[in-house]
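You will see two complexes here that share subunit A, one where it goes with subunit B and one where it goes with subunit C.
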Partner chain A sequence: MELSREYLLSAVLRVAVALVFAFLFLPIVVILVASLSGEQYIIRIPPTSISLRWFLEAFDRYWMEPLQLSLVIGIVSVILVLPISVLASFSLARYEFKGKQITSSAIYSPITLPAIVVGAAMLQFFTLALGLRGSFTTLLIGHTIVVAPYVVQYVIVSLQQHRIRNLEWAAMNLGAGRAEVFWKVTFPLIKPGIFAGATFGFITSFNNIPVSLFLIRPGMVTIPIKIIQYLEYGYSPVLAAVCVVTLFIVAVAIAIAERVGQFTKFLQVQF
Partner chain B sequence: MEEGHGVARPTLTERLRPAILLGPLGIHYLLFFFMPLVYMLGSSFLKFESGFATEELTLYNYQRFLFDSFYLRVLVNTLAMSLVVSSLTTVLGYPVAYFLVRMRSRWRSTLVAMVYSPLLTSVVARTYGWLIILDDTGIVNQILLGLGIVDEPVRLVFNFTGVTIGLTHVLLPYSVFCIMTALQNMSPTLEYASMNLGAGKLRTFVKVTLPLSMSGVVTGFLFVFSMAVSAWSTPAILGGQNVEVMATLVYSFFLGSVNWPFASAIATISMAVSMTIVLLSGLVTGKSSVGGF
Partner chain C sequence: MIDLELKDVTKRFGSVVAVNRVSMQVPKGEFLTLLGPSGCGKTTLLRLVAGFYKLDSGEILIRGKTVNKLSPDKRDTAMVFQDYALFPHLSVFENVAFGLRIRKTAEEEIKRRVKWALELVRLPGVEERSIFQLSGGQQQRVAFARAIVVQPEIMLLDEPLSNLDFKLRQAMRIEMRSIQKELETTTIYVTHDQTEALVMSDHIAIMKSGVLEQIGSPKEIYEKPRTPFIADFVGNINFLNGKITDIIDGEAKFTTDKGAVLSAPFTGDMKVGEAILAIRPERCGFAAEAESRKNVLSGQVAHKVYTGSLIQCHVLLDGGERVVVEKQSKSAADDYQEGQKVLVRLNYEDCYLMTEMK
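What follows is the complex of A and B.
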């Protein structure tokens, strides 16, 4: 009797978990199916006809220009912010000092504070205090702030591996100087962390909406914003195709990061 | 001698090193992150007159928000919606977290990555997916109409229902991971002890596991709550014209009006609400919940 009840409980749990997983993946599956739809307006599941024409339409300049801008902004902002973020990570991971807790909260605050407020504050400050209009530069500056906390977070995680400290001591005892220890021991060991942080930073920037929203100008729009603007006029399966293209780019970034350093391992460490 | 263990006092450069390492990022943050926020805070106290912000200081912008039932209702709606969303993510997230922590299969890390993966896909794509599912001509309504359950489409989107569904979806992974962390930190021997003493699985769960994982439940709840309060994309896309929350209010006042002092006051209030929740979360869990969760 007791046994069958336990069996029932575990079956209920399994069904509940399966349903939640279905809920998690439903919209993404729908997007994938819709992007292959042969119909014009209404998306029927299962589709009545299948075609690749929406992908052909997605590869139009109308979508490719914003896509290119998003790629460039994501990559350049990561490159700009990477060295200074790595330095800051060393300070937080290796040293004890007064106000460390506050400093680290401050560094992570672009994640915690409402992004829409951050974007709005940047717009106001850039326009009124610095006299800058929405441009490539302002968009780039905004995105460096979006990216930095993630890079710091990942590099700190990789600096906290226990063996790094021991290997550094060993190298120093064997007579290596500070710079030599860094380039020959520390850096190779934290390289996967740096790469994971850079990749996560790129993805965050690539998908960012609330900060971009305030720093774009007509003719210079990132891809998520372009999709939102298009949505205001109604929808078409071409949007699904464009979404699939953006998902594909993120997947490629993850695949590269997975090869260079174990990206997915870092994702779990974060929590 | 310097190599001696902890005898030599650190030199000045040694002591300044953490500050030097933090310097460049600190300056970058100061110029492009903290200055804009301080500027906004300052701007929220400026008097706005005949189309221009004056130099005069005033509390009027805050009074205007706090004594107007329209704005107050937006604030209350935002909080109520976020409360529903964080409750839903907790209820849906708990079984998944429990399952993932307890399972002993080689598929475990794959499933964990699967829970994480929505966080890496763009909110626009996922939200557009919901639009296809929930719209008047969407999948749910096609099924309901097709089966003859309803005669006319059920309104599932461009209202708070749609936004709640979308936000629950977007924020669910956070809740799962917060609860997972708490369950992982709990010693499984406590459960064995309970079962050895004759309690069944269900009783053990209710009396032992659930209370001990409460810290994760609360952290997850508050984390999701703070994210929901400040979300813009999902309310803007799935809510359309009919849903106004704090974030959409901030957006429309900054880009749709010239009264930036009032817009700044709305943004400041919105930030204060969010910071209160984050601080509360820090108090409850006894650690700073910023960054790592």
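What follows is the complex of A and C.
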């Protein structure tokens, strides 16, 4: 009796898990199928004909330029933000100083405040306060600010692993100076955290709509905004193809970060 | 030669005085143990010597030179941490070689020294393994090898055996001590395990609430504890509260609070007044009716505890005090039954009077 009840429960659990996974992955499957559709402007599931024509269309300059801009903005903002965030994480994780709370709140504000408010605030700051027009630089600055809290968050957690302090002491004790301690011990140990932060930072930048919305100008648009703009005029399977290409780029970014930084190891240990 | 000298070393954390005016000298090649309950400041003191903390006042000298202002990497100490602090991203070889690489030792020399150190801790052939592939005992040996390979002036060991199981811990005590004797490395060893301290040390420094209570050889600490705290912390002991009533001919007369009259050898700092009489359980015995009544008290066996090699009889004295008598098992003590009337002798020579309260 008890056994069969346990069996039933585990069966229910399996079904529930399967449903959750289906819920998460079905839209992606639908997009994949749709992108291969041979139809004109209408999506049928299952598709009645298959072709790669939408991919050909997706590789047009119309889509590739925004995609390229998103990639460049994502990568450059992450590169810019890494050294700043690692230093900020050290000060927040290791030291007590005046205004620590305010510093931390300021860094995290892009996560805690409504994104649309952050975007509007940046626009007003750049145009009204600094007299700047929307440009690559303002977009990059905006994204750097949005990406920073993700990196800081992960690096702080990795610095707080309780053993790091002892390991750094052990290195010092064996004769390592500050720089040697950092490069030979601290950095290798927080590297997964840095890569986790960088990856999620990149994805955040790549996905970002509310901040980009205020900082773009005609002819300089990121891919998510391009997709929205296109949707205003109607739907075409080319959108599905563009989404698949975008998805592919994010997947490659995660794969590279994982290969170099082994951040999933960090995620598994921490959470 | 004095390898390590502490002069009035004091360290505060906020309002807590973790180490309070501790002074001591450690000669070259000595194995000194800092012993005390957790929170007594022993680990803090060790970290002060290593340079992880800055001291608030006082002076630390290594081989006669003050190191107060030197950062940890400039001090010739090597520490074995309680959690071993092995570098998880490095192989066993690279862990042991770490200090040598920092010192820019030649590759050939590194190979030779690492091999030597791993053989010394009886762990050859694990060079290429990850530290996660080692057992706790093996990790402990690697940590020891990593410290010893740089041949430091002073070895600092922070409860290195506390995470090992009992048998391994016993074996490692002897092994570490024999390596230390062979290399003649001055060693400061932190532990809260009194047996470990007695077994391993040349000298033991007992700490309590940041203060150095007593420093002496294991025998001095065990036989002549300065305070009831030390007597109780190191080994087992019976305490009887009472008063010194008289001091005649090198003999102190003592009356317990319950009225039993005892005597103990007189030592320098005794005076008439309140005192505690202390005696180790193994220095007590059972007396036969006919013997001299000096330091003999009557009572009855309340509990008998069999520990294998020893038998502990908890005797409730007629006055109401309790005394533990410890004897070899398979001795006459075996015959006593719980509830039986007995005469307990507190061996005169081993009675020890302390005037400082707990």
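We take it that the second predicted complex is superposed on the first by the 236 of 271 C-alpha atoms of A that agree within 3 Å, B and C clash if a C-alpha of one lies under 4 Å from a C-alpha of the other, contacts with A are read in each partner's own complex, and residues count from 1 in each chain.
In the analysis below, a residue touches a chain if its C-beta (ideal position, glycine included) is under 8 Å from a C-beta of that chain, and two chains touch if they have at least 3 such contacts.
On a predicted model such as this, the values are computed, not experimentally measured, just so you know.
More subunit A residues lie in contact with B than with the other chain of the pair subunit B and subunit C.
When the two complexes are overlaid on their common chain A, residue A:A179 makes contact with neither subunit B nor subunit C. When the two complexes are laid over each other on chain A, subunit A has no residue in contact with both subunit B and subunit C. Remark: subunit A residues 163, 166-167, 169-177, 180, 184-185, 188-189 touch subunit C in the complex.
Within the complex formed with subunit B, the subunit A residues making contact are 2, 5-6, 9, 13-14, 16-17, 20-21, 23-31, 34, 41-45, 81, 83-85, 87-88, 90-92, 94-95, 97, 101, 103-118, 120-126, 128-129, 141-142, 144-145, 148-149, 152-153, 203, 206-207, 209-210, 213-214, 224, 227-228, 231, 235, 239-240, 243-244, 246-247, 250, 254, 264, 267-268, 270-271. Taken together, the subunit C residues at the contact with subunit A in this complex read 47, 50-52, 71-73, 77-79, 81, 83, 85-89, 98-99, 102-103, 146-147, 150, 156. Partner subunit A is touched in their complex by these residues of subunit B: 17-19, 21-26, 28-29, 32-37, 39-40, 43, 92-93, 95-96, 98-99, 109, 111-116, 118, 120-133, 137-139, 142, 169, 172-173, 177-178, 180-181, 200-202, 226, 229-230, 232-233, 236-237, 246-247, 250-251, 254-255, 260, 263-264, 267-268, 270-271, 274-275, 278, 288, 290-293.
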